[in-house]
Structures are given as structure tokens and as C-alpha cells.
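To keep things simple, chains are lettered A, B, C and D as they appear, and every chain counts its residues starting from 1.
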């Protein structure tokens, strides 16, 4: 294994091709994720149009403070990753590790807040199914809101959890790797994924927390 | 089935719309048959004439590609558009039942069809109809999706849970026809079948009279309206201020959220089962839900009763 | 502008947008509520995509993947909602 | 052999051993990242799965030979057609050409040493097998009786059996599809040999590209839809639940948003294979190459706009129905372009009738019939009568079995010398191609008539008057079964006893034929350069160069 050539897999001609291919592949993957979440957003739209009042009423019961804190957490975490990607290109491994781990930690914090929220909702009887109870007028529409709430934020939380694992993994790997330069592209791709997860939340937040707050 | 019967079945339907459908079907068959023959002949001819080793002339001369390509985009496209419009027109006709149609209620459930005629007569997995009169089926399912299919009429309509659907036709030939459930609905889907009897009008009346029900659909609905307590609220000067329901059918209703809806069957059904989804403007959302307390047949009867209420009736008693 | 400064600036703007959208949620905007919230969400998303994710219009392939996702989403929404809006 | 018969010079006989012999251990197969070996792994897996689906089909046809429903119980019958549909669609036909021939050939055809992400490629096979295990488990653990369409609320509330396991199997396999599609798109964009511009690509590569687009853009929606259905079944509430005001038609929208484009996943690669074969055995450049290439894109894109044609009587708005019908007619135009151009390619060709060509001609004929009957069901008023009858069954078996399976077999025969390094025996191969063609028509043509007469699909028992046509169909199916077992037998036989294949037995164009048969592990010792348009058969066959 000669030094620079070792970085390039046999099927590629040069490092540029390899990097471009990887980045392009990641964006295609994100494109599939857009459609995955997109179907859920479509479901939300359809049912919200059918039950506008019920959705207003239901959304007033989500924890807006927790939601806002979580939005801020993800934005900061995204920022950390963006800076980390930049520093990784300059080979500043210590700070890359630090930033990636901070981002992961923030992700974990996000999940903790989420868990608190879920717990709260379940105790208030908003978990759909047998235990669901809601005293207000249109409990059917409210239950549908919470079906969507749990499914969409749950799927998002799953993505966050995966992201936390990936970021932690690369954070450690960058520190320990023999040749951290090999990880530059990988860190970049992990970053793209993490920003995408952030974007999904940017849309979930207004749809589940900000609806029905106005007097 | 003999060959002649088969041809007969293929080419003749027993409803008005069936004739139009068959016309399109056979036009399609002719066009597509012609295309298959044309392409088949060309391919076979080329295969024989230009087989390896044949002496055929192979110098390519003056076949210009683009005009050909344009031709075989444009010509099919025009044919396709024609077919689309033709079939579309017939389809829209199918979707608009006439007002004077005989309304029959159909409730599908795993795995039977429960049918009720306006005068109250019920039947299961059988449907008796007078010939020559438009019939509209107002249908709903109690469980999963079914589909009401009478091949001889060329009509089919999915029957959904939680939502009314409609199918209409004019039987043109007396006889006995198949009734199938065409949407897969579970274990005995293939046994959710029945017979449609198309009778002369007089025979139909005779059939209705043979096992006459004491109450018509509307009368049953009225009794439900009284016995289930609807009438307790929906009267002028009742204990709870509630809208009067006379003449409501097909009228616009202003809702509390500022929108307006037309009071069709679906709206009436929802008003009974999920009253708080669309609250009428100016009223409190105090009407209790009747979800789980009324069978689908009963909801249909109530809806039929509400539809029958006209302004005049309100004044007369 | 160095990349880190660009990122920092983006974060600041994102936080401001978060504040704005929270504020807007309590205003009486009537039916414009959700459109306003979604517009702000869109602005945030654009910032993240352009600055954090460094999407550059000069990379045609990445742009292709990105717009394809959105375009197909649009197809899904248009035709499905088309059904719901025209049901009698 | 003629050394100068292809665009690029034949590759030097590499010192490297060929991909089959480079390493022989089981581990070397199960951990391979070589696209050719992964293709073989897929080939073995989907062949097995095809026979599972085929046995289910055989039992269906056996049962339907009599109207009474006497062979199996209704519940069993329903499980059989569900197993048949699920296995055939997701575990055989969707992966068939892309993952077997596509994996094997794509890098060879574009002059690359492998796909862009070889490890992802191997992962996709493992994901596929994992999904297949779930599905087989679901079959063993009592089966599922929802039909391959999983309509709610039946699937979420009323259905019997291991619905969640079956849905999980399909869900997981979806990610294998996505991985393959992603890999192909990146490979085609980034890994083409120097000089191999888009319009020098073989049409097969174009179809793989468009297929991959669909795989990537549609599959996620299926995944989430099945996920929601399974959640609903698990928790007893969900977004399609009518009790909450949920709409079963929303499920149908989402399902068909995937599944209609998916039917083009199940035909586009077959069209690509057909283009390769027709050009080679007519010794001509494909007529209207650019139109055929663009038609693939048009099919892929327009194919996303027509899904509602499966829902004309579902309770969808009639206006939406009209839009979907119009678009369905439009999507037929690019298919028409292809059929006409194939026909025109034959004109003034120099045609031979080796087995691959028989399959390709069969494909054109049967696909045309299948496609044209698609127009019947795309026409609104006619579909009201025909939907959910055997007419639809016949329509899609014509396109899927008459079309895609024929193309798959044609492709397997065409590239068998390259894949295995052996020639298959020509005579039995021709016999079996003709058997399949005859058996196929006998099986499925009567079903058009049954549909027109009104026999609904998914019917375990049926009125007596339909028996004659059903018996014909069942008889056809047994001929078809023989036709499918024959190739399995002689292809396996040829692995051992077949003649050794030269690098380019068909004297075909295309970079894959410049490599030795079977190709070495890394495909090309020197990266080829391309400076010719594709299908340069006319120049290739010029007498001056034809010194065989």
C-alpha cells in the first residue's frame, strides 16, 4: 500500500472522483429521506385540512417551551457540525473531535427533552389508543393529531438517535485514526445527514407546537 | 355455457350505461387489435425478408428519421386523446345519478350485502329491481372496503367504511344477473356474491307487496328520530337551542369556523356521528355523538328521514 | 468571509428566526398563521442548506439530487391534495 | 475470433484469474465486493424465490381448475395469492434484471472497474436476504392474507396472519432497492470511461439509470406507508383508521405513488435488454437511438403522475380520476415510441434467430398486447367494468411475465457466455423459449375474456360458467412451468458441460464484450477509451473488416 494511493478505492481513478461520488451519493440518500418524511407531512396536511379546529386545539397541548428549546439545541448542534466539517478539512483533529462530541451531546439532550415530553403527554392521556382520553369537543380529530405527533416526532427522534451514534463514532475515530485525513469525507457526509435531520425538525416544530397559540 | 351464450354475454349488457361502455370497449379492441396485427405483420415480414443470408436489398435510402418519429408520437397521441375524452364523458355520466332515481340502501359487511328498499323491504345478497327505472345505490360498509359489482350493468363502486358512496344505473333487460364483491375483503370474499333480479315494474311492485314491511325507510327513520332523542332537541323551542332540520338537505350550512358546506348525505351522517367536527354557526357544540349507538342501517334511515323533511312538512302538523 | 464566521452568522440569524416564528405564533394572523410559520421554516431550511450544508448551485449533480427530491414531493402533494379538494 | 470487432480493442488476457476462479472459498463469495459476484448471489437468491412464488402460482391455478374451491380452504387460497404477489413483485421481478444483469454488466458496459460503492452493493444483497427471511418467516408463521396491495383497514385491523412480519420483509427489502438505485445513479454519472458520453451509452444503461431514479424516489414512500400500516396494526390506532376519521384512500394514494412507478421498474430494464438483443441480432444500430433513450426518461418521470388510475372506483374524486386517466394515456406514448423503433430496427437488418432474439421478439409482442390492454383499464368508463377482474390480472401478467420475465430470460441467455464462460446448448434453449411463449398465451389470454365476462380477481370459488376458460388457463400454466424448469436444467448443465465461450460469441458491440469470458475480477486491465457511437454494427460488419 503506497501512501496517497491507499486513500483511493480501486474502482476510482482519483481522489476527486471518489469524493464527488460520495457526496453525490449522500445527497441522493437525503433525497430519499425527503420523500420518506414527505409522505408523513402529506398525511398531516390532509388531516389538518379536514379537522382544522381539532388540530388547533390539540396543538395547544404540546409543550411549546420544550419544543423551542429543542429547536435551539438542534440549531446549535448543527452549527457545531458545520464548523467541525470545516476544521476537518484543515486537519484540526482535536477540535473536530470536540465539536462532533458536543454536537452529539446536544443531540442526546434533544432526545432527553423529547423523552420528557412524551412522558408528559402519556401521563395526560394523549397517547393514542385505549388509554387516550380527551374531554374537549372533537376528540377524534385531537387523537389523529397525536397519532401524527407521535409518529412524526418519533421517526425524527429515531433519526436523531442514529445521528448521535454516528457523530460520536466519528468524533472518536478522528481522534484515534492513524490517518485522519481519510475521514474528512466521512465527517462531511455525517454532517450533511445531521443538517438534514435539523431541517426536518425546523418544519415539525411549527406544525406541532406553534399551531393554535394565537388568541 | 355455450359458445353462443358466451358471445351474448360479451356483447350485450343489461343497463343503459352498459351500451356506452361496450361501445368503447369494442372500439378499443378494434384499434388495439389493428395495431397488434399491423406490428405483428411488419415484424414477421421483416424477420423473413431480412433474415441473415437472404438476398434482400439492404441499402438504406432516404428513410429520414425525425418525420417518422414525429408521426408515431403524434398519431397514437391523437387516438389516445380521443379515447380518453370518450371514456371520460361516459364516466362522468356514471358519476351523476339523476334526481328521480329510486334510492336503495346497501350496507356491506364481511361477507354479505344488506339491502333495503325505500318502502322498507329488506333483502340479503339479493337485489330486486324494476326494469327501465334509474336506480341509485347509497352504500356504506360496516368494516372493510367492499365493492359492489354487477358485471351485466358494467358498474362497480367501492363501498367504504365511514363514508357513503353511490352507484347508479338503469336496468334495461329483465333477467337474473351476478352480483359480486369485487374488492378483496377477507376470507370469504369470493362468497360475498348474490343475484340481481330485474323484474317488470308490475312484478317488482308485486314482489315488494309480498313481504311488505310495516314501515318505509323514512318512517323508520322518523321513529328513530323520536326514540333516540333527536326530537328532544331538534324542535322549535326545545330545551337546548338546536338547529331545525326541516329542508336542510342540499342547503348550504354556515359553520362556526366561518366556512360553509352543503348539507349532503355525508354531512348529515357526520353530524350525527361526529357532531363536533362541523359545528353549526351560532350553536354550542352540545350535541352528543351517536357513534357506536346506531347501526349503519339506522344512520341511513335517519339520513333518509332528514332528507325527506321539507319546509312544508314543518309547517303542516 | 471565513467559513467559521459565515457559520456563526447563520446560527445567529437562525436563532433570530426562531424568535420571530415564536412571536408570530402568538399574533392574531388568522388564516395566515401557518403560511407565515412555514415561510419562516423555509427561510431557516434555506439557510441551513446553503451555509451549513454548503450546497452550491455550481455543483449540478448535487443540485439535481436536491431539486429532484423537492420536485417529487411536489408531485405527491399536488396530485393527492387535488383529489381531496375536488371530492364532492 | 475476430479481434477487431468491437469499439475498443479486446482487453489483453490479464494475468489475473477470472472472477469465478479468483478465490473459491465460501467466504470469498459471501464477503465479496465484486459487482459480478454480487450479481451471481442475487441470481441464485431470486431464482429460489421465483420458484417459491411459482409454486404458489401453480397451486392457485390448480385450485382454479374447478369452480368449487375444493383443493384448499378459502383462507389458504387468499394466503397463496398474497405470497405469490409479494414474492413475485418484490423478491423476484423488481430485483430481477437490475440486480442480476445490472450489477453484473453496468460497470463492464461503462468501462469501470466496479460500481461506485462496492460495499454498499454487498450490503444491499444482505439487506435483501434479510427482508426475504422475514417474508419467508411470515409465510411459515401462518402466512398473510392481505393481497400484495395491503389495503387498509383490512390489513391493519381485520387480516389474519403475520402481516407485520410480511410488511417488515417488504420494508427491509426496500432499502436494498434504494441502495442499488443510489449506487447505479452515482456509478453512471461518475464512473463512465473516457469518451463514453451519454449518447454513446448502451440503451440498457439508460434504462438502468431511469429504473434507479424510480427506485430511489418511490421506494421511500412505500417504506413509510407500510411502516404506518404496521404501526396501526400494532397499536390499534393509526392514520388510516376510519374510527379516527382516517382515510383508507390516503393509504391507496401512498401505496400507488410507489407501486405504479414500481411497475415501470418492472419493465424499463426489460426494454433495455430488448434493445441490446435486437440491435445485435439484427446487426443494426437501434433506430431512433435518442428517441428510445429519451423515452426511458419520459416513462420514468410521467410514470410518477398516473398512480390514481388504480383507484377509479375507490371513492377518489372523479376529477382526480380524469386527470390520472389522461396522464395514463400520455405515459403510453413513450412506450409506443419504443415499440415502433424496435420494429423499424428490424427493417433491412440481417436477422438471426438465436434464443436471445426469440425472447426479445416475444417480449415485443407480449409487451405490446399487455401495454395495449393497459389502455383499456386506463379508459375511465371501461375500467369501472374491468377493474378488479381477471382482465387486470391478464393485463399485468402480459407486461410482467410476457414482458419482463421474457426479457430477463433473454438477457440471461445473451450474457450467459460472459457470466459463466460457457455456451448454453442452443436447441433446447429455443424449444424452451417457444414453450414459454405458447404456454404463456394459453395461460393468460383466456383471462382477458374472463375479465370481460366479469370474473372478479382474488376469487377462490367462482360461478360454473367460468370453468372452461379457467381450465384452459390452468393447462397453460402447466406448460409454462415446464418452460421455466427447462432453462434452469440446461443452464446448470452448461456450467459443467457447455462449450467454453470466446470473449465475444455474438460478435456484439459494447465494452463488456471486450473483456475475456468470464471477465477478470477487476474487469479492465487498461481503462478503455470510447470514440464510437453505440451499436456500430454496420461498420463492424463491413466486408473489409469481416475477415472471419
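Here, a contact is a pair of C-beta atoms (placed from the backbone, for glycine too) under 8 Å apart; a residue touches a chain by one contact, two chains touch by 3 or more.
Treat the numbers as computed from the prediction; the structure is a model and nothing was measured.
**Student:** Between A-D and B-D, which chain pair is linked by more C-beta pairs in contact?
**Tutor:** Of A-D and B-D, it is B-D that has more C-beta pairs in contact.
**Student:** Could you give the separation in Å between the centres of chain C and chain D, each centre being the mean of its C-alpha atoms?
**Tutor:** Comparing mean C-alpha positions, chain D is 38 Å from chain C.
**Student:** Quick check: how many Å separate the C-alpha centres of chain A and chain B?
**Tutor:** Here chain A and chain B have centroids separated by 45 Å.
**Student:** Using the touch rule from the top of the page, what residues of chain C touch 2 or more other chains?
**Tutor:** Residues 61, 68-69, 72, 76, 80, 84, 88.
**Student:** If a residue has to touch 2 or more other chains to count, which residues of chain A qualify?
**Tutor:** In chain A, 20, 24, 28, 31-32, 35, 38-39, 42, 46, 51, 140-141 touch at least two other chains.
**Student:** So which bits of chain B are touching at least two other chains?
**Tutor:** Each of 274, 277 in chain B touches at least two other chains.
**Student:** What are the touching chain pairs in this one?
**Tutor:** A-B, A-C, A-D, B-D, C-D
**Student:** Quick one: which bits of chain D touch chain C in the complex? Just the residue numbers, please.
**Tutor:** Listed in rising order, the residues are 189, 213, 217, 221, 249-250, 253, 257, 304-305, 307-308, 316-320, 323-324.
**Student:** State the interface residues of chain C toward chain A in the complex, per the touch definition above.
**Tutor:** Checking each residue of chain C against chain A gives 3-4, 7-8, 10-11, 14-15, 18, 21-22, 24-29, 33-34, 37-38, 40-41, 44-45, 48-49, 51-53, 61-62, 65-66, 68-70, 72-73, 76-77, 80-81, 84.
**Student:** Mind listing the chain D positions that touch chain A in their complex?
**Tutor:** 107, 112-118, 178, 182-183, 185-186, 189-191, 216-221, 223-225, 228, 231, 235-239, 243-247, 250, 254, 257, 522, 527
**Student:** Within the complex, which stretch of chain B touches chain D?
**Tutor:** Per the touch definition, chain B meets chain D at residues 1, 5-6, 9-10, 17, 20-21, 24-25, 28, 32, 35-36, 39-40, 42-43, 46-47, 50-53, 56-60, 63, 65, 68-69, 72-73, 76-77, 80-81, 83-84, 86-88, 90-92, 94-95, 110, 143-145, 147, 149, 151-152, 154-158, 160-163, 165, 178, 180-191, 274, 277.
**Student:** Within their complex, state which residues of chain D touch chain B.
**Tutor:** Touch list, chain D to chain B: 69, 74-75, 78, 145, 147, 151, 153-154, 157-160, 242-243, 245, 248-249, 282-283, 287-288, 291, 312-315, 318, 321-322, 325-326, 329-330, 332-333, 336-337, 339-341, 343-344, 346-353, 361, 364-365, 368-369, 372-373, 375-376, 378-382, 384-385, 387-389, 449, 452-454, 456-463, 465, 468.
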